[in-house]
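Both complexes below contain chain A, partnered by chain B and then by chain C.
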Partner chain A sequence: MRSKTLHIKLGQKLENLKSLMVMQDDVVFKEVFIPSYECSGLFVYINGTMDYPSFNEIVRDLSVAQVVSNHPISIEQSVISKICSVKEQKVSTYEKAMEFIFDGKTLLFIEGIEDGYVLNLEKEKMRTFGEPSTERIVRGPKIGFIESLQENIGLIRQYSSHPSLIVKQHKIGTLEKRTIALIYYQGKASDSLLQEVNRRINKVKATDLQDSGMLEELIEDTSSSPFPQIQNTERPDKVLAALQQGRVVIMIDGSPFALIAPTTITMLLQSPDDYYERWVAGSFLRGIRYLSLFVTVFLSGIYISLVSFNPGLLPTELAMSIAGTRENVPFPPFVEAIIMEVTIELLREAGIRLPAPIGQTVGLVGGVIIGQAAVQANIVSSLMVIIVSITTITSFTVPQYGFGLAFRALRFGAMIFAAVLGLYGTTLFFIIVISHLSKLTSFHEPYFHPLDFIDKKTWKDALVRLPKRKNGGEPS
Partner chain B sequence: MTQSDGKILSVELAFIISCGMLGVGMLTLPRTITDNINSPDGWIILIFNGIIIGLFLCLLVFLLKKHQVSDYYTYMEEAFGKWLSKILGFVIVIYFIGVASFEVLAMSEMVRFYLMENTPVEVVILSLILASVHLLTGKIKAIAKVCVFFLPLTIVIVLLIYLLSLRVVDLKNLQPVLGNGILPVLKGMGEGHLYFFGVELFIFLFGLVKNQNKVKKGILIGFSIPVILYVITYVLVVATLTVPEVKAVTWPTISFIQSYEVKGIFIERLELFLLITWILQFFCTHTIYFYFAAEGLTKIFRNSYTTNLIVLVPVIFLLAKIPKNTVEIFKMSDVLGYVFPFIFFALPILTFLIVQVKRGKRSG
Partner chain C sequence: MKKLWMILLIPLLSGCWDSHNIEELSLVVGEGIDKSKKNDEIKLTHQILVPPGTSVQENQGQQKYKNITVSAKTLHEAIRDSLLITNTILTNHQRILIINEDVLKDIPMEAIINMFIRDNSIRRSCLVLLTKKPTKEILGNSEADDIPSNVIFELKDNEKRTNKILPPLTLGQASASLQSDGSFAIQAVDIKGGKLILDGAGVIKNSKLVGVMSADDIASLNWLNGTVKGGIIEASHHGDPFSVEVIKRTRRKITTELNGEHLTINISIGYTGRLSEDWYTKENSFKESYFKDAERVTEDKVEQDVEKIIGKLQHDYKTGVAGLYRYVENQHPKFWKKNKKKWDEVFSKADINYHIDIRIIDFGSKGGTK
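And then the complex of A and B:
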């Protein structure tokens, strides 16, 4: 019965459709009488997906008197002329009809016409464009992507009107069909990159995805690495800059995060407002960010190794004062550091999950009160509290949240290496991290590219943000 | 530019050569040279030998380019035939293993001496070997990137430390120049090439460079960075510590940094930074030699590169366990020093001559 073609009789159609969707309480069947053609019609749709004002308009249009014409016009022709603004296509089988109904379309059947019309009266449910919440900047465009793919593409098209901007859309998934869009500049993105992206997306065609984060993990080069090899962003300006550099942007319906491939580590450490602020300030901030990365990962480790293995390498006065603060602390530096670092990570996690006003309270209570109390109770030394606070603050400076997470996790590795092998262990951990980065690739392109720092053409953008060239030098 | 094509740029060649050369030599070189000539004229030897080897490198580039060598092992096969070239290749691989093992041993000795007296050296040695295996799975491209990242870091830190040391340097200690006459210097020059360990890797790297027309520039830059650093180090160290003291200490460069303190900044003891950066350099040198050993075995036995890496771990580890004390460690470097001129001077020239004759016969 499902694959049968539609009956010509309207009553029969209604009955068959009803029996096919007997469990679906939210399917609405609305019969209308169209006075000008003296025939009845049937609308079928799902409650809640339809935009009522436009529905009313269609009904009114259909009801108004027929134009007097010398030529005989069939009912079909005149109906089509009235619904042409929203009509998408025709359906002729029950199966197809049901597919469209559940896709959120409205179906119109007219007495005496076998086929049904698919009308797009869909009201997309989405929030309005707002400021991106994960990548805030002080100066620059304050608009971020939303969950609707078509709106996001519209946003990109609005700023980039060049016809060589290609938007390729596929459907992926089995249960839920999601639209996924591949966006790139033809001629700028290399063919091998496009091939690779297409190949990887084809591989995951049969996976149901809720967010681009799931896609990211499925298509990246080394999913066992702590570092994200594909950049995600909510900001259209970042996407546009990446497109201009010949990168491919992947967006998926239902996710406000666009994926940018290939990614390099320097991209993850740049914020768009580096380019919107004055260049001295931009370079300064970029330098601060590189420094804070190093501090995030290694400061606790250096503290542990210096205090527990080589206090002799510290200046005498500093060594004395550290020994003073640690006098009553019963734990070795490693245990002390782990207690504080774990506490602060817990506080952070708790702060994110709680509603915003309470989250801040937790941060305050945790940071200030627990820290103070822990020092007074001689569980940790005051210097340790300072070090943990510094590493926590520095870990927030990474513009990309997921990238910052990687470094927060790596910090514990550095601490363990420091506890076992002291300064040599910390250095070894540094070597291992750098080796790992050197081996990483993003869509077969090198991920870590230290030559960026040395090469005449690229170093300035990696290390500092030098003034833009006036003759059409493109930003980033 | 993709990661997997296995070719390097001429800039990367420069960095690999520099990192390959900057190993234990930088820390011990003032002592070894001064021991040899017994006067503070080592810098003259360094400069002259540097120029001579630089010229020889130009000759090598010319020879290798003329025969369009893309892989040195096949080139040797062309010259010596299948079996003799395999044996020669094996000798070279053993030399590489020896240097790799020597570098990690020297590092463990330094770490034991200055950082961690109570930790067993085996742990230090093995952890470094495993760390370099981790990097080596990424092959030459990954090694190149690590070198490109570590070398500028090293140079900047070392030069900063040297800058802060200028207060204690007394150039009078270098005088009189050529006080013992020119003969000891000439004698020292004969053995001077030993300070340039690492430059022989160039003949094996030659075929990997992508932009062949820039090879000469790359290799000369890569060679001159360590030479300049060596000369600066020698002058500063000997000028500060004086000849008798330099001869007495094991690690003259570190002793030199320890001889002064800088008040007013967070860390007074600057040797901390030198030790850390030199662990990075030891790692680079060790990894580069390790790579060429594994790569060489792959070329000779035509087996998998990963297997060779795994097989070499215990070999390098056990070899590093043989010397019992510091004196024996430096004896190990002397033994390696006998092989160095053979690989760097004799082998390329000999191979070139034989191939030239053979190719000449074939065409004629």
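And then the complex of A and C:
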């Protein structure tokens, strides 16, 4: 019955459709009478998807339709002329009809006409464009992507009017079909990259992809690595910059995060305002970010190894004050560090999950109770609280949240290595991390690319942001 | 996955075998060596830092250090014996090593510092000092919660302001000097009026203490070597005293001449100075000739002092503390090779011509009286 063609009788159509969708209480059937042709029509749609003002307009148009006597036109022609602005196509089977109904379209059937018309009266539910919440900057565009793919593409097109910007869309997913868009500059993105991206996307067999993060995991090179090999961003300016460098941007409907491939480690440490601010300030901040990355991962480890393995490397006075603060602490430095670091991670996680109005409680509990009371109760030493605070603050300076997450996790690895082998272990861990990073690839592009010391021109931009005025801003 | 577990288990085989928490260690900042009353035993005094408490009340009345004295035949045994009294000794932070004069009269210095040089946890930058008093007294002499080792260690920084302190002798330098000609001067420390004071020096010859010098002798020795980095030259003109502050060395040239077996050493040194005090009521520093006279007087003063110390070195101690052997070694290698063994004898017989040129380039914000 599903694949059957539609009946010509309106009453029979109604009955059949109703019986097919008997469980669906939100399907609305609305009959309309067209007086001049003395026939009735039937609208079928899902409650809540419809844009009522435009619906009313069509209903009004249909009911006032007049038969012009000198040029008698059929009802079919008349209806088509009334609905042409929203009509998408015709349907002829029940199955197709149902598909369109659940896709959020409105179907119109007219007495005496076998096929139904698919009307796009969809009202898309979305929020307005706002400042990207995960990638705030001080100077620069303050607009971020939203959950609607078409609007996002519109945003990119608004800032890039070049005809060679290609947007390729297709559906993905086995249960729910979601539109994904592949955006690139023709001629700038290499063919091999495009082939590779297409190959990987075609291999995806997920039932549904609620966010680009799910797609990211399915198409990245090494999914067992803690480091994200595809950059995600909410910022159109980042997307455009990446496109101009010949990268490919993948966007998925329902996710405000665009994926950029291939990605290198330096991209994840650069913030757009490096380029919007003056170059000295930009370079300085970039340097601070590299430093804070190192501090995030290794400070706790270095503390552990200095306190329990190599106290001779501390300045004498510092050694004395550390010994003083640790005097009454019952735990070895490693346990002490683990207690504090885990506490901080818990606070952070709680801070994200808590509803905004009571979010401040976390700060109060974390700052006052954990910081003060734990030291007074001699559970941890005061220096450990300082160390943990510093590593926490530094971990927030990474512009890419996911990238920062990786380093937050790696910190515990560094602590374990330090606890077992001291400063030697910390060095060992550093070597392991670096060798892993240099082995990683992102769509066959080395992850470490600008830092590999082979291509000296790009290497310069990786660590500092040099002035661009000399060549008139032309990319070097 | 199985492999990964195996790799993760490897650390458990070794455990944290080298781990030793800082609060369970005894941080040694200074050590003193004395002769024990018992025959052929030496006394080793550790100065150990006591970590400050976390609260103010705890810190009141609590001393910042404790001294532990142990006797044994060898120094390492003494360190090990001290573990019966205190936590594991950590010598990484040791800053000074004080040796009593009596020890060096009997036992060669080479033997005394042997353990400290061998041990790779003691820094070679640790200072070596000499004292007349028992080291226990020196290390126990503190005022206002100061740590005696730190007080002595920080005094050596005054080298730039006074010329009565020898350039710091580190453990590494002592070892190096003992390996070469074996004679050098070693800064002495004493207690005067209840305070620690850097006073005089000891002269080491062939690993033994052969004499002591006063603080003024140290100044003269510094002038001879050209190692003066600051301080004052006192002289008098027209019957009134005046002083010249040393600014910096401009020149040092040391040449050696050989006439058969007879050695002549010519030392020529230049310094700039500042007229820092002048009691002469009719001074006129605006006149070039006034300066020239003052310069001549100070030069004479220094040359006299240096001549005295040369006399002492050549006749009393009979040793070339000054490190002049390096110039002979470089300029007359064949002669040096032949006379290496009897260098002290050669040095004692050598002619040493010392010439200093002091230029006063500044007289401050007052130059004359009307």
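We adopt the following convention: the second predicted complex is superposed on the first by the 451 of 476 C-alpha atoms of A that agree within 3 Å, B and C clash if a C-alpha of one lies under 4 Å from a C-alpha of the other, contacts with A are read in each partner's own complex, and residues count from 1 in each chain.
Definition applied: a contact is a pair of C-beta atoms (placed from the backbone, for glycine too) under 8 Å apart; a residue touches a chain by one contact, two chains touch by 3 or more.
Fair warning: this is a prediction, and the values are worked out from it, not measured in the lab.
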TODO: Determine, for the superposed arrangement built on chain A, whether chain B and chain C clash or fit.
DONE: fit
TODO: With the two complexes superposed on chain A, say which partner A:Leu423 touches: chain B (first), chain C (second), both, or neither.
DONE: first
Open item on the list: Which partner chains sit in contact with A:Thr441 here, chain B, chain C, both or neither? Use first/second/both/neither.
Closed with: first
Open item on the list: Between chain B and chain C, whom does A:Gln169 touch in the aligned arrangement: first, second, both, or neither?
Closed with: neither
Task: Touched partner set for A:Ile431, first chain B, second chain C, both or neither - done: first
TODO: Would you check which partner chain A:Thr134 touches, where first means chain B only, second means chain C only, and both and neither mean what they say?
DONE: neither
Open item on the list: Applying the document's definition of touch, where does A:Arg326 land relative to chain B and chain C: first, second, both, or neither?
Closed with: second
Open item on the list: Contact-wise, after the overlay, does A:His449 reach chain B, chain C, both or neither (first, second, both, neither)?
Closed with: first
- [ ] May I ask for the angle at the C-alpha centre of chain A between those of chain B and chain C, rounded to a multiple of 10 degrees?
- [x] 40
- [ ] State whether A:Gln244 touches chain B only (first), chain C only (second), both chains, or neither.
- [x] neither
TODO: Please provide the least distance in Å between a C-alpha atom of chain B and a C-alpha atom of chain C in the combined superposition.
DONE: 5
TODO: List the residues of chain A that touch chain B in one complex and chain C in the other.
DONE: 309, 312-314, 421-422
TODO: Can you check the complex and tell me which residues of chain B touch chain A?
DONE: 1-4, 9, 11-12, 111, 115-116, 119, 123-124, 127-128, 131, 134-135, 137-138, 141-143, 145-146, 148-150, 152, 266-269, 271-272, 275-276, 279-280, 283
Task: chain C residues within the chain A interface of the complex - done: 11, 14-16, 18-23, 25, 27, 29, 49, 51-54, 90, 92-93, 95, 121
Task: Interface residues, chain A side, partner chain B - complex - done: 192, 309-310, 312-315, 318, 421-425, 427-428, 430-432, 434-436, 438-439, 441, 444-446, 448-451, 453-455
Task: Residue ranges of chain A touching chain C (in the complex, touch as defined) - done: 307-309, 311-314, 316, 319-329, 332-334, 378, 382, 416, 419-422
